[in-house]
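Chain naming follows the written order as A, B, C and D, and within any one chain the residues start at number 1.
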Amino acid sequence: LENYDVAVIGGGVIGSSIAYSLAKRGKRVVVLERDRIGCQASSAAAGMLAVQAEMQEGGPLFELARQSRSMFPRLAEELKELTGIDIGLVNKGMLLPALTISQVEHLHALIASHKSAGESCEWWSTEEVIRHEPKLSNALLGAMFIPGDGQVLAPKLTQAFAKSAIMLGAEIKEYTQVHGIQCSQHAVVGVHTNQGDIMCDQVVVAAGVWSHGILQSMNLPLTVFPVKGECFAVIDHAPLLQATVFTDGCYLVPKRGGRLVIGATVQEHTFDKRVSAGGIATLMERATQLLPDIAKAEWDKAWTGLRPQTPDGIPYLGRVDDIEGMYLATGHYRNGILLSPITGEIMADLVEGRSTIDLDLSAFHVARIA
Amino acid sequence: LENYDVAVIGGGVIGSSIAYSLAKRGKRVVVLERDRIGCQASSAAAGMLAVQAEMQEGGPLFELARQSRSMFPRLAEELKELTGIDIGLVNKGMLLPALTISQVEHLHALIASHKSAGESCEWWSTEEVIRHEPKLSNALLGAMFIPGDGQVLAPKLTQAFAKSAIMLGAEIKEYTQVHGIQCSQHAVVGVHTNQGDIMCDQVVVAAGVWSHGILQSMNLPLTVFPVKGECFAVIDHAPLLQATVFTDGCYLVPKRGGRLVIGATVQEHTFDKRVSAGGIATLMERATQLLPDIAKAEWDKAWTGLRPQTPDGIPYLGRVDDIEGMYLATGHYRNGILLSPITGEIMADLVEGRSTIDLDLSAFHVARIA
Amino acid sequence: LENYDVAVIGGGVIGSSIAYSLAKRGKRVVVLERDRIGCQASSAAAGMLAVQAEMQEGGPLFELARQSRSMFPRLAEELKELTGIDIGLVNKGMLLPALTISQVEHLHALIASHKSAGESCEWWSTEEVIRHEPKLSNALLGAMFIPGDGQVLAPKLTQAFAKSAIMLGAEIKEYTQVHGIQCSQHAVVGVHTNQGDIMCDQVVVAAGVWSHGILQSMNLPLTVFPVKGECFAVIDHAPLLQATVFTDGCYLVPKRGGRLVIGATVQEHTFDKRVSAGGIATLMERATQLLPDIAKAEWDKAWTGLRPQTPDGIPYLGRVDDIEGMYLATGHYRNGILLSPITGEIMADLVEGRSTIDLDLSAFHVARIA
Amino acid sequence: LENYDVAVIGGGVIGSSIAYSLAKRGKRVVVLERDRIGCQASSAAAGMLAVQAEMQEGGPLFELARQSRSMFPRLAEELKELTGIDIGLVNKGMLLPALTISQVEHLHALIASHKSAGESCEWWSTEEVIRHEPKLSNALLGAMFIPGDGQVLAPKLTQAFAKSAIMLGAEIKEYTQVHGIQCSQHAVVGVHTNQGDIMCDQVVVAAGVWSHGILQSMNLPLTVFPVKGECFAVIDHAPLLQATVFTDGCYLVPKRGGRLVIGATVQEHTFDKRVSAGGIATLMERATQLLPDIAKAEWDKAWTGLRPQTPDGIPYLGRVDDIEGMYLATGHYRNGILLSPITGEIMADLVEGRSTIDLDLSAFHVARIA
């Protein structure tokens, strides 16, 4: 029987980052992925590193996200060196435009709050917005600009984590579905898979929306559910945007080579991966209101991702009570890319029983809900 | 040097049908296709056989279209027998819905005209429409129903023509671009191609929108120009429609397995094959007005076709004056699928110098414009 | 909670056929498919109906296969009528060529055995083989010809079963993964899925290689394991073959439009769906030995399928002991397409508690192994 | 009418590089591409920068190639800065293995010749080869190692040239086919295209194998012909190679993420872009002889490219006699990627009428053949 220190269940961006962190620390790690590395939500993601745009300042996620964002520049270099893969880190900032007076007020309050916390951001008038981004609608009433919120290429990041882990000795088993976790006297001893059993001392469940089935099979009263997001992309020779544009109902993320990703609808509690024609229509309407020239751009394609959500909207990052050696790292919803570097380090800390990250993790404890 | 009776330039549905008709009559035919058989407008088409819906009754195209439509049932059997390919002939009729009072009036007039010409059609009230097609919008004010206008699978039809021609001895040369037609004393003697020269006594130009370049290279004052059409398809397990729905700005064509094709935008004088995001948005809006459940259906994909149009909207079907052995068969705009069977027979008649089709072809003469 | 008479787990060709048979009998059926209908082995299959070529005469599978094969002509009409889908039934026979003297002897013995059982077949000399199939290698030492073994388009058959079931009232739930079967006092009461619970009186497990995980979750000592098969296809304008060619290491199945499917390697106990370069090389060598012109044909694509196998090579078709209302229909290995019609009827009989099929089913009893 | 300084015909790597060089120098440039940027040979290329491996030392191409290779490091930075696109420049050297004694001798002579010319290279024994590249066959008799010959991602390079040109003011017209070059008194005044006429003072034909048709339409006695190359790629999690491996019949180019490109067959004078099954079989056999583990790697896909060749194997880089303002830059055969940077600068020099490149260009004169 194959024998590992740690089995990581799930080969998305979270599982791959955990495997990378563990491999760096010398652990014998195996990643068990039921399909291909990064083939689900991790490759569907737009790759925004939206700390200030997405997180409520002072909330439990904010500090986690801020630290994770700060890890990207060095991480990009490490992964490039190990694998040659460029994760496409871009730091051109994020724009939160206002279309109504109440949005203007909301954004001004947000700016004040961020500034008081020492975070960079500023208000741009319509003229300033158009000067920086001449193709945005001049019906905008201005925008909040956040210089620090960048983006990466999500599929490349996932591949780079996984390949780097392999370079450092980890094993990746694709097409390997976990049927159950094997325990002896309330301690993990192995994992049952469709390819046979694997022995390990510790197991980290990082299977995104598919974590739920594994938790159910252990009779653990923990809930992870899917939130489907539909996206599409267009292409223009002359880039339509420099910065990422972020609103409540739609975001626009400029990628290399004139590609623009537009996301995402929100549909809870479905595993159905189909793109609906209505989802595209809704996004198209919202996006062209912000950036009318999208109508002239070339249609590329549409896709969906199933993002793992928890009942209180906070990821699970921690030990599972009563089962020694079992850990859970999922529920990152639409912040999985952003939070992947720090999640890898946190989980490696937990597995090693030491603490290298200076963060209060109590909000993420698995036991908080059960 | 290779030697043929007839070289057909263009391997779309028109060229393939001509090759099939000529091969049936024992001619040694070669089809010269610059890319792959049926890879352009012929496979982009929705495959409607819209005689009464599309043609003005009494106009020059009407009788041509009516006769061509009547050839499909037997053609479908012939092609199936020769190649095993099922062209998907469906006879569930066509609905022309009215959204405004003036459309109601227009359609009643159309019904009267068709009936007086002995063509079948009838008016359906909103209730009748919904009884037959329960998913259509109940905001419709009724619809004209044409039982005789069916549809086929356009890509299959093109493949079936080409493969049948091969079965009967024709040769198909793909990836063969024509650089010019070689004449001697004002008579065709061969064709220059990127793969070398070919000798032939007669040449039929059936290259759709690419015919223009060939005509230009001969200094012939004949115009064919592209009209780009954007389309998309959705899929639903439970079919959304039985009949084809046809309006001025948009048509809905139900295909097998729950697929629904929605077309088409109209953009003249461009060879740009890109699908625009705005084109999809426009079609989506028109289509959901007729059939709201399209919004719930699964997005399949979008594509474009470049349909060949002439200055007066009538195809060229005839001899080219002053060049013996040269014929032109193009400009079918969005009726290429419908008109392909009769075009094959007409052109074979011309090439053979006899007349099997009982039609006044003067409206299609090439010389009418020059 | 949703309530059905029968839940069928698995939307491949077997599950879809069972749903179709049950829906015809008026049962309220739901099909639970974890991904898309027919997206696994059912669409990877070459679609051979190889009764005499594949089955040992007199063995338990032979009579089952013979009856199932005889159901196809009428089935093709039924499915076409309900859905418009043509399953591509072709009856051009099967050739078993001999490359060695011992194969010649083996095939002569097989012919004698089939003939004594009243099945049609005959020996063709090399000359006869080449006369019928001029592109086959003239190094062949002759071939056994089986006129009755035809073929279908496997993906179309699966779609047609599923759509026909829908037409008759069945519900298909895609992207619905079964986490477990719910029992009360040793009787089925429902199914747990990732989309919530479903109530039903009876459940039929028809999930191919994924059945194993479901059986394990019930602690049932029944084994189903994957046998991966790699395939590829080539295309030629002029069809390379009329009949299907079948040997031990490789088969060649001519499809419409000049497509030829070449299969399949055999690799047990892996869920890894990757095509290996070596698998293609092996098949290519075997295939060109039989049909040298494959080398000149156009490469189309390669793919794999995971075929469900049982320890004794015989499918499970029956009730599961000790659990009232639970049935198993899997393990059809590479005969799933061929056996799908009769499997549908057999399972519908079992579920209804009556017997319309005249066959001794004891060899297929689930309890034979446990 | 649109008016430009220079029209570049062809949007492959050569045309895009020329456009980039001209745009840097302030010229108003338009690129006329009949399909999409880089959609032909430029994206089919494996991207080797094989100066010493490919070129005969002292021959006319050697110095050109050497200078071009030296431009890549700075070019990679420039293009990245302008567009964000990483062209994937890798400098891990090239290995020329010997499988026979006579190859050993040939390579030793090559090493001596290169060394005497001051170029770096060395002989590796079988043990040294295996130490550096443990997966290569130990049946190799050693290999020549060239540290300076690297590689890039060919499709990215083409995109990066084109996007950079756009950033600097060039216009790219895709789907624009040139029907002819318009002259007045033996001087270029414009270009006829399927999208209308364009005025320009100078025109550079850089249309690869499609240049021939343009030259023919001008009655210029210059020959460019296609040499088709078939390729395929495999993927392995653990990279199979570090360096590129180059032999007469086959090369192996390791790309990011474990992808390995294997090329290329050689078939002259065909525009047929189909991949043949036999082409794959041939390459597979040659490649597995060098690197047996290719058989275990995952099959990715196969493709072809049409490389432009000239009668004497030397590209045309120069003015076209008798037509003022007309230039030709094609015939780079399988060195288009390598030679693209210097070709851009040479052609910009010619167009500007000045000389920034220190090279004797007489071997590339267009007039040498006519």
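Just so we're on the same page, a contact is a pair of C-beta atoms (placed from the backbone, for glycine too) under 8 Å apart; a residue touches a chain by one contact, two chains touch by 3 or more.
Because the structure is a prediction, the values reported are computed rather than measured.
Counting steps between touching chains, the shortest path from subunit A to subunit C takes 1. Seen from the Cα centre of subunit A, the chain whose own Cα centre is farthest off is B.
Between subunit B and subunit D, the centres computed from C-alpha atoms are 41 Å apart.
The distance from the centre of subunit A to the centre of subunit B, each centre being the mean of the chain's C-alpha atoms, comes to 48 Å. Residue positions of subunit A with contacts to 2 or more other chains are 274. Chain contacts in this assembly form a complete graph, since each chain touches every other chain.
Across the interface of their complex, subunit A is touched by residues 83-86, 88, 90, 159, 163, 166, 172, 237-238, 256-258 of subunit D. Of all residues in subunit D, only 174-177, 179-180, 192, 194-195, 212-213, 216-217, 269-274 touch subunit B in the complex they form.
Chain contact summary for the complex, subunit A toward subunit B: residues 232, 234, 274-281, 284-285, 288, 294-299, 301-302.
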